[in-house]
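The structure follows.
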Amino acid sequence: MAYDIKRLPSEASVDHDHEASLHDIKISGITKSFYNNGEMRQVLRPVDILIPHGKFVSIIGPSGCGKSTLFNIVAGLLPPTSGDITIGEKSILGEKGYVGYMLQKDMLLPWRTIIDNIILGLEIKGVPKREARKQALPLMEKYGLSGFEKNYPCELSGGMRQRAALLRTLLYDREIILLDEPFGALDAQTRQSMQNWLLEIWEDFHKTVLFVTHDMDEAIYLSDIIYVFSGRPGYVKEKITVHLKRPRKQEDMLETDFWDLKQHLMGGMSDEKRSV
Amino acid sequence: MKKEAYEVEYYEPKSVLAMQADRREEKHRRKQKKGIRAGRILLGVAILLFWEVSARLGWIDDYYWSSPSLIAQTAIVQWKEKNLAYDIYFTSMSTIGGFLAGTLGGAVLGLSFWWSKTFAKIFEPYLVMFNAIPKLALAPILIVLFGIGFSSKVMLAFLMTVISCALATVSGVENVDESMETLLYSLGAARWQVFGKVVVPAVLPWMLGSLRINISLALAGAIVGEFIASGHGLGRMVIYAGTILDTTLVWVGVIVLSLLAMVMYFAVVELEKWMTEHLAIYRKA
Amino acid sequence: SGRKTQQESVELKKIVIAEPLHSIGYLPLYIGQQEGFFAEEGLDVEVIQATGGSHVTSVMSGDAWGVIGGVDSNAIPNASGNCPDPVIAVCNCVNRANVYLCAAVGEEYTGNTDEELAQYFKGKKINSGRFGGSPNLCVRYLLLSIGLDPDKDVVMVEPADMSTSVAVVQSGQADISWAAEPQIVDGMKSGVWTDAFYQFTDLGDYAYSVLSVSQSTIRNDPETVQHFVNAMLKSLSAAQDKKTAVRTAGKEFPTTPTEDIEAAIDRAYKDGLWSVDGIITPEAVKNDMEVSIASDVYQGTYQYDELVDMQFVENAQKQN
Amino acid sequence: MKKEAYEVEYYEPKSVLAMQADRREEKHRRKQKKGIRAGRILLGVAILLFWEVSARLGWIDDYYWSSPSLIAQTAIVQWKEKNLAYDIYFTSMSTIGGFLAGTLGGAVLGLSFWWSKTFAKIFEPYLVMFNAIPKLALAPILIVLFGIGFSSKVMLAFLMTVISCALATVSGVENVDESMETLLYSLGAARWQVFGKVVVPAVLPWMLGSLRINISLALAGAIVGEFIASGHGLGRMVIYAGTILDTTLVWVGVIVLSLLAMVMYFAVVELEKWMTEHLAIYRKA
Amino acid sequence: MAYDIKRLPSEASVDHDHEASLHDIKISGITKSFYNNGEMRQVLRPVDILIPHGKFVSIIGPSGCGKSTLFNIVAGLLPPTSGDITIGEKSILGEKGYVGYMLQKDMLLPWRTIIDNIILGLEIKGVPKREARKQALPLMEKYGLSGFEKNYPCELSGGMRQRAALLRTLLYDREIILLDEPFGALDAQTRQSMQNWLLEIWEDFHKTVLFVTHDMDEAIYLSDIIYVFSGRPGYVKEKITVHLKRPRKQEDMLETDFWDLKQHLMGGMSDEKRSV
């Protein structure tokens, strides 16, 4: 295969309290406030998050609590007001290119065909278009996009667009992938199938994933660890380690363990409800 | 209790009805389209007829207003005996030349504003100011700068177009979706990569959208150029006709000019459509 | 003087005269304004600029009371057969074709005969002003009369703006240019040319700039026309006084150097530019119309009596 | 098993840090704003200086280019001894008059297109055609129609503005969110209610957006009017200066005109802002 | 109270098989196809739906199956290709003003304050502004919008905007209310509280409600009857009568009955999944 996938031993069985690895990502004491027309708006209170290598970590929290802002900081696109982000010992503050980042909107460039959107990351790295396309084709086939290579984003359904955006992020091939509400705009059924598809991919590629969502079902279904944020200014209120076994199936959502956890989350969330 | 919590009834799809009603709808639409075309022609004919009759019956002063029949006669004479055809050609060429150059120049100028917000902010009022200078007033200087030949008309058409196109491009630049830039930066792109892969394609539809205004401006510029100094062209013809007080000939010039303007306008509209469809230029919402 | 101010306190009748451009040639008109001759006749004259042939049109339409310009530009609408209100010349002003030809330094003309002149012109780039304008017609007429085709044998350069005469020669875009004062002096000072080598003033009486009003005005309000002509005649004679002329021109053209103005006025006297008595002779009309006819701008025939009405000038002379 | 399915750790919010870093950011922004203003002035001064020096050293022909110092002197003379102030006033008034009338007329015309799509489609090409007619060429006819007084300048400014504003309004009409109309119809609204409560407010920002182009057009129209025939105004001054061969005065006219254009432009931009803020006119995205 | 609320005896206890009342709405044999550029696209196959008076009826179905189109037809805004819609005996085809309609987007007019948006329906009926405002104020207070009367829609959170849009529809005071995915754009927590708010209102006003959603939880939680649509061209695949007792509480969502039904719906939906 032209595309080189780093396979690691499945870590689903590894204890979540495993020793800090050299590939863990540590977010420590990150704060952020914005100035707008002379007024300060604090968006993030000090946030500390550990993202163990190879894990699927989710963040849930009310709208406006600074989740996307935190992602931008991790991706090196926004300087934090204070705090640091490290991989192993190395600070990656302000360094672009360490993470694959999928923004809240699918952000496919409307003037590029799907395949050209997918190879965008490779193209920027300097891989010739022809070769990049060669790398992308088998992936598109595998993940249900074959036949749409030459279509433009506007000609695809929402689910397909999300898939393409996700493939672009994957093909960019960083060790950690940030996904900001990738399925927020999809309807319930499409969302379900996309979640399964994401889990499938994650098991294939086994990258570290940091995931933002509003949907509690989604967070539980996908994650190893869930960080629950408070309302703005956001901080980590709870850290929940999910012990549901993998691989997970849709039917698991109807099990008691699942519903216990959901009830717990819904309880926590209702504190925030009044702030809406 | 389990089966009592809800009841389900299943349905089969009924056969699809013949869609005769919809055919009616489509016919109606087609008819409407034809109606519009007919309406346009009718309106034109009505205007001409009213004009002719008014002139003949003396409702309007036919020295100033001439009449469609007289205008047509004069136009034919001009076509056959003088070089109306060449005048049209001359004006069209300088317009198109200036239009192309101005669009290109304006695009480059406007796009350059993406590179530095400070630079952009400093230059903007000067652009506005320059755009507002009545070019006709600069006649003597323009002659010194660009001469009185064909190239001077092109130059004026260019000057009229370039700022308009630049301003449209600047609007486009200001409307580039920042998260697209963010995306590219997150993929480790350099500034020129963001420029080439996001800014330019994102601004293209704005530039395309300004084309239809620009072609009119370019024509106006070419005509001003011919007003200032020229041996050929429709602008010269009109000025000449005005000077020798031949109102019918003025009308010939005016009408040929507006027809030319309209042809160019719709040609540009078609070009815009074609480019949007064939060059993978996306439509802004 | 005291008498004038007294009259000014009386209600003056306001009239508007349209001029195609602001020119030293129209100096008598400006003298009438500045020296109070119009006021003495109970008139308040305002001069406006109207371009592109609209100076005549504005009189026909009744927006301006009178116009200063060539007889030929009155004749064209009159002859078109459907002119609503013909414009008639009532008083002369510039009685010579105020057109001169200047050649770039090094390109001067040295010959004497028509053949030599034709030979000289051949292939030259000639700036003759806006197509259809009087200087342009004069140049075309000259070329035709010496056997040249203006559209083939020479290159006609036709900028609309007369201020560009010096510029086009200086920048090499024309070898020869038409000019009038004060451009001639201006070009000489800038070293673009030495002096005019050909002057159309030599054509003799020429109704180059006359004052005209519409026929209906003559019919309905002859008194005002009479007053206006009376004042114009006073102005024409005052224009022969150099001091008055220079003073007035200095005010009208404040940025033109005085020595240029003086040179221009000297040339005017020398070439008999301004009519002294306001009379438009048939000869003057003929010369003017011939030029238009030769260059195909005016088609058909004309009648002196239909273009000119000298009754007011004659009345004024009788009064004196 | 129940307690084994997940583990929860609770955190307390840490104290909020002092945000000194952000103050720095704000200072930086303020500095930048000042820098832009300074940059603009500097650029202007640099241009003037370069011009002056070039003219003095003979790099450019000062007959055509004059020089800033000469121009300033002449402007002062014109202000004191002639009526430059009145010229500015005259041109401004006819511009503003035509602008207001044209905006109103264009708005009415454009809004009327909402009432009938067929009507709109039939008329559109005629609007384009009319817009394309070079007004300067119509000089003789315009004089007959509107005379040579103040009102004729207003009329030309009006003519230049009205179509541009109508076309902008038509764009607005075409972009009215159909579901808003649907909403009102679903509430049982009559057509005129939909018009008043949805179409007009929805189109307002489009009209506002066209104002800044229209003011320039109106000025151009007023100047063309003065070119054709006038006793006052900056347009006349320029033409007059041209015929008396006074290039410095031409420059005075050109510069005063462009300054006036700029002042009007930014006044309209401010007006636009003010209206958007105070009249509950929403901003289109 | 200035505003006249027609209270009916609570019908939660009434059998869903109650005799056809004069206020029932019957959608019979409605079909619709569109012509676009000469191509026909059928959106609705013959649809038959009975909406009993005072009931909460939901429609769920995949995106593009014609739900909004059907709503437009019921609201009299779009002519169907065939079929009829009746209230009692009377056909209301093409008649506007019989139903209160809340569109998929909140569709608050951005140039009107919240209160002026809410009274839009009254204003159109000809009620003077001042009086209409008087009627609206107590409702705004009751349903959590007081203090925001003079704000513009863009200054409100998504949840508040939806509330305002719903109030507008309610104040318009028709017997049947069509709600087209009113909560589609909200995050999970806000959505929850809005659902409860809607139930509360529905119990106050007790109007007939026809509701469109993508979210199965939502459909079950709110409805008396659920119609499940097929993919495009849409038709009613299933009609589900929900017997969960009212008033419903959030905790009910964790009960077995609820999950049984959800599982049933998820099964049905997965047939459609492949068409995404």
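Per-chain numbering from 1; labels A, B, C, D and E assigned in written order.
In the analysis below, a contact is a pair of C-beta atoms (placed from the backbone, for glycine too) under 8 Å apart; a residue touches a chain by one contact, two chains touch by 3 or more.
Bear in mind that the values here come from a model prediction, so they are computed numbers and not experimental data.
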A correct list of chains touching both chain C and chain D reads B
Both chain B and chain E are touched by which chains?
A, D
Tell me which chain's centre, taken as the mean of its C-alpha atoms, is farthest from chain A.
C
Look at the interfaces A-D and D-E and say which one is made up of more C-beta pairs in contact.
A-D
Per the C-alpha centroid definition, the whole-Å distance linking chain C and chain E comes out as 84
List the centre-to-centre spacing of chain A and chain B in whole Å, with centres computed as mean CA coordinates.
46
Between chain B and chain D, the Cα-mean centres are separated in Å by 19
Out of chain C, which residues touch more than one other chain, so two or more?
52-54, 57, 61, 161, 163, 167
If I count partner chains per residue in chain A, which residues reach a count of at least 2?
none
Contacts with 2+ other chains: residues of chain D
61, 64, 136, 139-140, 144, 227, 239, 242, 247
Checked against the stated definition, the touching pairs are A-B, A-D, A-E, B-C, B-D, B-E, C-D, D-E
Can you name the residues of chain D that touch chain E in the complex?
177, 179-180, 182-189, 193, 197-198, 201-202, 204, 280-282
Quick check on the complex: what are the chain B residues that touch chain E?
1-2, 4-11, 13-14, 16-17, 19, 21-22, 25-26, 29
Residue numbers of chain D touching chain C in their complex, please.
61, 63-64, 74, 77, 81, 136, 139-140, 143-144, 147-149, 227-231, 236, 239-240, 242-249
Quick check: in the complex, which residue numbers of chain A touch chain D?
29, 31, 33-35, 38, 40, 42, 45-46, 81-82, 230, 233, 235-244, 256-258, 260-261, 264
Within the complex, chain B is touched by chain D residues 32, 35-36, 39-40, 43-44, 61, 64-65, 118, 121-123, 125-126, 128-134, 136-141, 144, 216, 219-220, 223-224, 227, 235, 238-239, 242, 247, 250, 253-254, 257-259, 261-262, 265-266
